[in-house]
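Next up: some structures, all given as structure tokens.
What follows is a pair of complexes built around subunit A, which joins subunit B in one and subunit C in the other.
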Partner chain A sequence: MNNSELVQTLASILLASAPLMIAVCGEIITERSGIVNLSLDGTMLMAAMTAFVVGLKADNIWVGLLAAMAVGALFAFIVAFGSIRLRQSMFAIGFVLTLLGDDLSAFLGQNYTRIPGPVVKHFAIPVLKDIPILGPIFFDQDAVVYFAFLLVGLTWLLLFRTQPGLRLRSAGERPEAAFARGVDVNRVRYLYAVLGGALVGIAGAAYSLDIKIGWSDGHTRGLGWIALAIVIFGGWSPVRGAVGAILFGATKALATFLQRTFPEVSVVAFNSLPWLLMIGVLLLVSSEVSERLIAIAPRAAQRPLRRMLRVSPPRALGATFVEERTS
Partner chain B sequence: MWVFFAKHPRLGIIFTALLPFLATLAALAIGAVMLILLGADPVEAYSALVEGAFGSQNALADTLVKATPLLLVALGICIAFRGGVINIGGEGQLVVGAVSATLVGLSFPDAPGWLLIPLALASGFLAGAVWGGIPGALKAYFNVNEILSTIMMNQIAVQGMNFLLRGLMIDPVQLEAASRIPQTARLAEAFDLPRLVPTRLHLGTGLAIIAAVLVFIFLWRTTVGYRIRAVGLNPKASRYAGIHVPRHIVLALLLSGAFAGLAGAVQVYGVHHRMFTDGSATGFTGSAGFNGIVVALFGQLHPSGCNPSLFLIRSTPGWREQIAARDASPICLYHCAQWLSRGFCRCQRHLETALGTAARERNS
Partner chain C sequence: MKTRRWITRIWPIVPILAALIVTSALLVLFGAKPGESFQAMFQGAFGDQSKTLSVLAFWVPLLFSAVGLLVTFTAGLWNIGVEGQIVMGAIAASWVALRLEAPAPLLITLEILAAMASGALWAGVTAVLKTRGKVHEIFTGLALNNLAIILTNYLISGPWQPPEGGTFRGTQPFQDAALLPLFANSRFSPLSLLLALVAFSMVLVALRGTFWGLKLKALGKNLRSAYLLGVSSEREMILAMMFCGALAGLGGAVRVLSWFDSLRQSISGGIGFLALLVVMLATYQIYWVPLIAFFFSAVLNGSISLQLRTQLHSSLGGILTGLMVLFILLFGDASKLGIGRKKEADEQ
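And then the complex of A and B:
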């Protein structure tokens, strides 16, 4: 592999992981507020289908994108409404919505499979794209990639550097305490579940309008689950989540590369590689193993390592909050 | 209304028991609205549904045959969810069970049927147990989220299946043909599960119903089952009560996988008599691993509840084909109906709480 090929591979990895980054950011916002939206896979399928079909009918990608956001927001709203208002298990609702999205998208999109449609145009940033090596990787990309990176930064800012972000996190960590301090926990949860859902909708649209153009049955199947896994891997932090998404894209690229280099080894080994790696990584970050590894490291490196490896979910994740009635 | 039922607890019980059916009716009503919006005649569609599912002896038998793997998977899901672990890996466990059962059948083509069939079903059961046990152990001892690890295991199982069916296990006939369809040779006819002639109904359905009874006994009448439920309700309290929590988490996921594996074996020996793949899991499983979860939830995680709910759900695919033939094809309705019934059904808990509160208020 020579240099220009390497640059191209890196650029394609970024492009492939950009929608995952968007979906991961959306889900992180949702989960930080205490709601688990398990319907990601179905939501992305529905959003991808809607974006393509609406975009095709209106002949305008922005309309398609808006429609996809609306679909994503709607799915997230159903999960939030079902868990907050109807007190149902959000896991069950999310799961059933996954199945629903899968079938509904296949049904509604059946007349639009494998036809050309609107496409997001390639957009190189002038001046910056001429930086050697970094330019072609980061700044000679599609709009999706810029948006993904921007979103990661914005999500981080929102979560950790603003007051609404503090309220959002408090609703997910200690809802009772937040409520006592005057935060309307359930309203916060509704708001950020819907916002996160809309972002997941954008991620779905990014596939059908840019990365994997067009629509086919089960267009993005499986990717929603990957995004959910990356949220956990990323420890509910947008920056680490983005790293996780890029790592996943990289393992896939690596698998393809290895397959070309060692054609005699079965394809199965390489196709299973990303999944096995993810199980391994989950094992590493969620168990005591990470703590032991950190203990081996030199003392100076221990604190940053711990910050990097330790994962703890929002304390009230997946628990419904019922306001205490004071009488 | 709650007060009324609190005054007449017996009527309340009847109402609660009827709720799933009311929910289904409500879902069907909403389905009818959607059908009208799609420009189809709901009366015609629903009569096609009934006809396709229960219209004739053959249709009824087909419905039962299609319901069998769902029931088996759902039984496993009952155990897992009662144990507080969420098993999304039914697909993978089903595939692994089917592959291992097929391997047994292909390895001993001359064995007598009475010996081989139990052996093959047992191997499917065990393979599923292993595939469910791995995420179980990861969850219990390494705190790895089981929702994610079971999904990863699904993907790995599918990769393994594709590998075996395209290589080692491929039908010699297909190997010579240019098309090379990835499927195994047909298993010896002596291994077919006994059938209720002239329909397609096979022994597996009876087996599944027996399994449902066994699962009920296991969960509600044995110590181990009690412990699994206790761990599911409150792991901390269970630990203080002296229950070895990790062990029971592993056991719950392991048994859950085992029943999915058994479902795979039954599908091979009762229906397809061979293993095949279209590259994804759904080609062979028909998403039974996922739909089984819906069945179990709809049946409120109780083996007895799984049976009727399964009828309602599984009868619909036949309906789907019928309607597709009439060029209306509202595939979505199938899942919409499922989802809605499920949503309505869950209102039951709401009602029960309300009943309890009303009764308490009356007594005090």
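And then the complex of A and C:
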């Protein structure tokens, strides 16, 4: 592999990871507020189908994108409404929506499979794209990639450097305390569940309009679940989540590369890689295994290592919040 | 007072009707007449004897998984991995069918035992990763589902490919002695239904009448108080998962030994996910499970016939059942919606 080929591979990894980064950011915002939107896989399928079909009919990708955001927001709203207002299990609702999104997207998109449609245009950033090596990797990309990186930064800023972000996190960590300080916990949860859902919608649209152009049954199947796992791996932090998404993209690229280099090794080994990786990394960040690894490390390195490996979810994640009635 | 209770009772009909209306709207959107389409679905499910038998044949493995899931749901576990447990059961049964030779009764017994063991082990992995590794069972289950499907594809296109060359479609048909006795040239095996009814009764007794069932309930309701009561959460969780895995594996065996006659690429075809929906629609009540599973089987078989006749995508069946479950989940409980709540106010 020579230099330019390596640069090209790195650029294609970033492109392939970009929609996952967007979905991960969306779900992190939702989960930080205390709501688990398990419907990601179905949402992304519906959003991908909607973006393609609407974009094709309107002959405008932006209209398609908006429609996909609306679908993502709607699915997230159903999860939030069902758990907050109707006090039903958000896991059950999310799971049903996953299956429903899969079937609905197959049915509604049945006349639009495997046909050409609108495409996001490649967009190189002038000047920056001419920086050696970094230019072609980061700045000679599709708009989706720039948006994904921008979003990671914005999500981080929102969560950790703004007042609304503080309220968002307080709703997911200590809803009672937040409520006592005057935060309308459930309103915050509605707001960020829907916002996160809209972002997941963008991620779905990014597939059908850019990364994997067009529509077919089960177009993005499985990727929503991968995004959910990356949220955990990323410890509910957008930066770590982005790293996780890129690592996943890199593993896929690596698998393709290895497959070409060693055609005699069964394709099974490469296909199972993402799923084995999913179990492996979740085991690493949540179990005692990492504690043991940390114990072996030199004392000075233990603290940063623990920060790097161990994750803990928002305390009130998945728990419904019932306001205390004063009357 | 009485009318209110009556309303609460029949209320669940409303969300079901709503699901039918939304599905009809989708049909209209695609230029089909809802009445005719539903009738065609009914014809596709019960139009003649062979169709009815197909519905029965599809019902049995669905019932196995759904009944098993009642146990894991009672223990508060989300066994999404049930799909993979079905596939692993199918693989183990196929292994016995392809590799061993014995008189039919012995061979079938071995196949079934192998399938149950394999499904239980696959479920056990998820359970141990949860209790020891603290990895949520949804994610392990999902990853293991995909791994099981990848393994199937590998076996079909690799070591178990038919002698005439590898296709991605399936292994060669099993020897006759390996197959379950079928009813009148259909895909339905009465023996499998008998086994499913045994499984149903076992779970009914286990959950309602044994100390184990009580422990699982304690576990599902509140992990901490179960711990304080001395229920070993790890042991019961692993047992519950493996119990469900064994039943799902048995369902997988039924798929390869009666629905098909060989190991196929989409051997389960989503039966596990469907079973999860069945149990949710039954609101975790065991008596409803067989009825709803039968209804789902009819809807799915009907929608496949509908696709053959009208070119409408067969996902319509999934949409109808999915919407029913969603609407029942959201709006099925009249008291949570405030219907009939006035009663409390009256009493105050």
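Criterion: the second predicted complex is superposed on the first by the 327 of 327 C-alpha atoms of A that agree within 3 Å, B and C clash if a C-alpha of one lies under 4 Å from a C-alpha of the other, contacts with A are read in each partner's own complex, and residues count from 1 in each chain.
FYI, a residue touches a chain if its C-beta (ideal position, glycine included) is under 8 Å from a C-beta of that chain, and two chains touch if they have at least 3 such contacts.
Quick caveat, the model's predicted, so the values are computed rather than measured.
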item: Combined model on subunit A: subunit C and subunit B, fit or clash; value: clash
item: First, second, both or neither for A:Leu99, with subunit B first and subunit C second; value: both
item: Touched partner set for A:Leu228, first subunit B, second subunit C, both or neither; value: both
item: Contacts of A:Leu86 with subunit B and subunit C, given as first, second, both or neither; value: both
item: Which of subunit B and subunit C A:Ala242 touches, first, second, both or neither; value: neither
item: Doubly contacted residues of subunit A, that is, touched by subunit B and again by subunit C; value: 38, 82, 86-89, 91-93, 95-97, 99-100, 102-104, 106-108, 110, 222, 225, 228-229, 232, 266, 268, 271-272, 275-276, 278-279, 282-283, 286-289
item: Complex contact set, residues of subunit B against subunit A; value: 86, 88, 138, 141-145, 147-149, 151-153, 155-156, 159-160, 162-163, 167, 280, 287, 290-291, 293-294, 297, 329-332, 334-336, 338-339, 342-343, 346-347, 349-350
item: Touching residues on subunit C, where the partner in the complex is subunit A; value: 26, 30, 78, 80, 129, 132-136, 138-140, 142-144, 146-147, 150-151, 153-154, 158, 273, 276-277, 280, 312-313, 315-316, 318-319, 322-323, 325-326, 329-331, 336-337
item: Subunit B-facing residues of subunit A, complex; value: 38, 82, 86-89, 91-93, 95-97, 99-100, 102-104, 106-108, 110, 218, 222, 225, 228-229, 232, 266-268, 271-272, 275-276, 278-279, 282-283, 286-289
item: Subunit C-touching residues of subunit A, taken from the complex the two chains share; value: 38, 78, 81-82, 86-89, 91-93, 95-97, 99-100, 102-104, 106-108, 110, 222, 225, 228-229, 232, 266, 268, 271-272, 275-276, 278-279, 282-283, 286-289
